[in-house]
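Note that chain A is present in both complexes that follow, paired respectively with chain B and with chain C.
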Partner chain A sequence: MTVMDSFCNTDPYTIMTCVQRQRLLFSFSGNPSSDLNASIIDHIEKQLRTTEDPLRVQKRVVNIVIEALQNMYHHQHPLEDCFTGDGSTILMVGRTSGGYIVTTGNYVDNDSELSLDQRLRELEILSDIELRERHVAALKSGLRTKKGAGLGLIEMARRSNNNIQHKLTKISNKLSFFSLHIEIKF
Partner chain B sequence: MKTETVEHNELELIIKSTAQTPLIKYSVENSKLEFIGRSIPEDVAGFYEPVMRWLKKLALTKPRRLKVELLLDYVNSNSTKAILDILKTIEKLKEAGTITELVWYYEEDDEDMMEFGNDLLYLIKTPVKIISLSETSFDERTDASKLF
Partner chain C sequence: MNTIPLHYETKSMTIEGVYLTFKSLDLLADKLVDMYCSVQMSIPNTILRVEFELPLLDSRGKIMLIQFMKALDTINAKTNTGNVEIDWRYQYEDEDMEELGELIEELTSLNVHMIQTEAYSVLRKV
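Now for the complex of A and B:
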C-alpha cells in the first residue's frame, strides 16, 4: 500500500480525533519559504496568546519555532521523487500537561549528518549555565557561516533548558531524515 | 584624498517594520537610533547591510552624542550576531569621542530577553541599561512602530 492509498483510506474523523487527543496545535508539511514562515509564526503566536500560559513559555515556543523553521528553510534538501516538491519538511506543535512539544523533521545529506549529530551530542550534555557560556562564546568568536552558525541549535537548546532530543534515520546512501523533539516545560 | 561630507538631513533614517523586521529609525533632532519590533528575517545580512552603511555615514559626521534604544520582542539567532556587529560599530564611535548611551528594553516576565540584554553586557565594552517595561507599555511601543 502506498502512502497515498493509506492517506485516502483514512477517515478524516479518525485524523481529527487523533489531533485532538494529541492536543496538536499546529502541524505543517511542505517546503518552507520566507512568506510561509512569517504566516506560520504569526498563526502560532496568536494561538498561544489566547492561552493563559506564562508569557515566558509562550515566547520560548515561538522562538523555538522561528529557529526550527529557519533551520529547515536554510537546510532543506531537494527531493526529486517527492510529490510535495523540493525539500519536504515537517513541523508540529503540541501541548501536554507539562508544557509544549515542538517536533521538526527534514532531510539532510549524509555528509552533514555526522557534524550535526556531533554538535547536538556536545550540546546535550551541557548545563543551562554552560549553554549560555557556549552561546556567548560563539557570538564573541564571530562564528557564522552563510547558512547560520549552529547558533540556532544553541538557541533552541537554551530556550528549552536543553530538553532537546534528536534522531537521524538513514534513508539512502545520500540522505538521512533529521528529527528534533523539543520540550518547553511550564 | 577625497573626503565625503554628509549633510545633517541626509542622516535621517527610517526603515519600516515588517512581520519579520523591526522599525529602524534615527532622529537627527534627538540623536536617537531606535530598533523596535522583531528581528527574525531569513536574510539577516541583506537586511542589516543598509544600517551598517548608514552607520559609516554617521561616523563621518563625528556626532557629539548618540542614544541607541532596542525594544525587540523576538530576535533570531543570526540577527543576534548582526545586532552585536552594529553595537560594536557604535562602540567605535564612542572610542572616537561620541557620548553613547545604549538602552535595552524587554517586556516584564520575558526572562530570556532580559538575559539577552545581560549577554550584551559581556560582549561589548559600552554599558547597557536594561529596562523592564510592562506588557501594556511594551505593546504600545511595538504597535506604534507598525505605523511607520
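Now for the complex of A and C:
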C-alpha cells in the first residue's frame, strides 16, 4: 500500500480524533521558507496563548521552534523523488500532561551526519552551567561555519534543560534522516 | 540628561520588532548600521539613548546584535563621540531576552538599563 492509498482510505474523523488524542498543537511537512517560518511561529504562539501554561514555558517552546525551523531551513535537503515533491522536513508540536514536545525531522547528507551526531553527543553530557558557558562563548565569538555555529542546537538544549534526543536514520548512501525530539517540562 | 537628536528631528532611537527571517534580519542590520552612523556623527560628551524592544530574535540575529554592540562600544571608547545608553526592554518571564541584555552589559562598557515589561502577544510583524 502506498502512502497515498493509506491517506485516501483513512476517514478524516479518525485522523482528527487521533490528532486530538495526541494533543497535537501543530504539524507541518514541507520545505520551510523565511516567510513561512514567521507564519508558523505566529500560529504556534497564538495557540500557546490560549493555554494557561506558564509564560516561561510558552516562551521556551517558541524559542525552540524558532531554532528548529531555522535549523531545518538551513539544512534542508531537496529531494527529487520525494512523495509530495515538497516534503523534505517535518515539525510537530504537542502538549502532554508534563509539558510540550517539539519533534523535527529533515534529510541531511551523510557527510555531515558524523559531525552533527558528534556535536549533539557532546551537548548531551553538559550540565546547565556548562551549556550556558558554551552558549555565551558561541554568542561572544560570533564564529560560525557556512551553515551556523551550532548555536541553534545549544539554544534548544538550554531551553529544554537538555531534554533533547536525536536520531539519524540512514536512508541511502548519500542521505540520512535527522530527527530531534525535544521536551519542555512545566 | 543631555540627549541629542540622532536624526535631527528625533531625540532618541527605537529598535523594536520581531526579527526571524533573512528579510527582517536585513532590516535589523539596517537599523543597527543607522545607529552606528548616528553615534559616529554625534556631538562629544552627549548621551545618545537607544531603546531596544525585541520580543523574538533567532540565534543569527543575536550574534549580529552582539557584534554591533561590541563595535559601538569600541567607537565609544576610542573616538570622541556621544555616549550611548541602552534601554533594553524585555517581557516578563522572557529569560532569553533578559539574558541577552545582561550579556550585552557584560561584554561592553555601554550603560544598559534593563527594563522589564508586561508580556504581550509576541509577534509584531516587521
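Throughout what follows, the second predicted complex is superposed on the first by the 183 of 186 C-alpha atoms of A that agree within 3 Å, B and C clash if a C-alpha of one lies under 4 Å from a C-alpha of the other, contacts with A are read in each partner's own complex, and residues count from 1 in each chain.
What we mean here is this: a contact is a pair of C-beta atoms (placed from the backbone, for glycine too) under 8 Å apart; a residue touches a chain by one contact, two chains touch by 3 or more.
Note that this is a predicted model, so its numbers are computed, not measured.
**Student:** Judging by the criteria at the top, classify the pair chain B and chain C on chain A as clash or fit.
**Tutor:** Clash: chain B and chain C overlap once superposed on chain A.
**Student:** Kindly classify A:F178 by the partners it touches after superposition: chain B alone (first), chain C alone (second), both, or neither?
**Tutor:** neither
**Student:** Does the superposition put A:F28 against chain B (first), chain C (second), both, or neither?
**Tutor:** Neither: A:F28 stays clear of chain B and chain C.
**Student:** Can A:L139 be said to touch chain B (first), chain C (second), both, or neither?
**Tutor:** After superposition on chain A, A:L139 lies in contact with both partners, chain B and chain C.
**Student:** Can A:P54 be said to touch chain B (first), chain C (second), both, or neither?
**Tutor:** both
**Student:** Which of the two partners, first being chain B and second being chain C, lies in contact with A:E155: first, second, both, or neither?
**Tutor:** A:E155 sits against chain B and chain C alike.
**Student:** So which bits of chain A does chain B touch that chain C touches too?
**Tutor:** The overlap between the chain B and chain C interfaces on chain A comprises residues 34, 37-38, 41-42, 54-56, 59-60, 62-63, 66-67, 70, 136, 139-140, 142, 144, 148-149, 151-152, 155, 159.
**Student:** For chain B, which residues are in contact with chain A within the complex?
**Tutor:** Per the stated touch rule, the residues are 19-20, 40-42, 73-74, 76-78, 80-81, 84, 107, 109-113, 115, 119, 122-123, 135.
**Student:** In the complex formed with chain A, which residues of chain C make contact?
**Tutor:** Going through chain C, the ones touching chain A are 18, 20-24, 56, 58-60, 62-63, 66-67, 91-96, 103, 107, 119, 121-123, 125.
**Student:** Sort out for me which residues of chain A touch chain C in the complex.
**Tutor:** Chain A reaches chain C through residues 34-35, 37-38, 41-42, 45-46, 49, 54-56, 59-60, 62-63, 66-67, 70, 136, 139-140, 142, 144, 148-149, 151-152, 155, 159.
**Student:** State the interface residues of chain A toward chain B in the complex, per the touch definition above.
**Tutor:** The touching residues are 34, 37-38, 41-42, 54-56, 59-60, 62-63, 66-67, 70, 73-74, 132, 135-136, 139-140, 142, 144, 148-149, 151-152, 154-155, 158-159.
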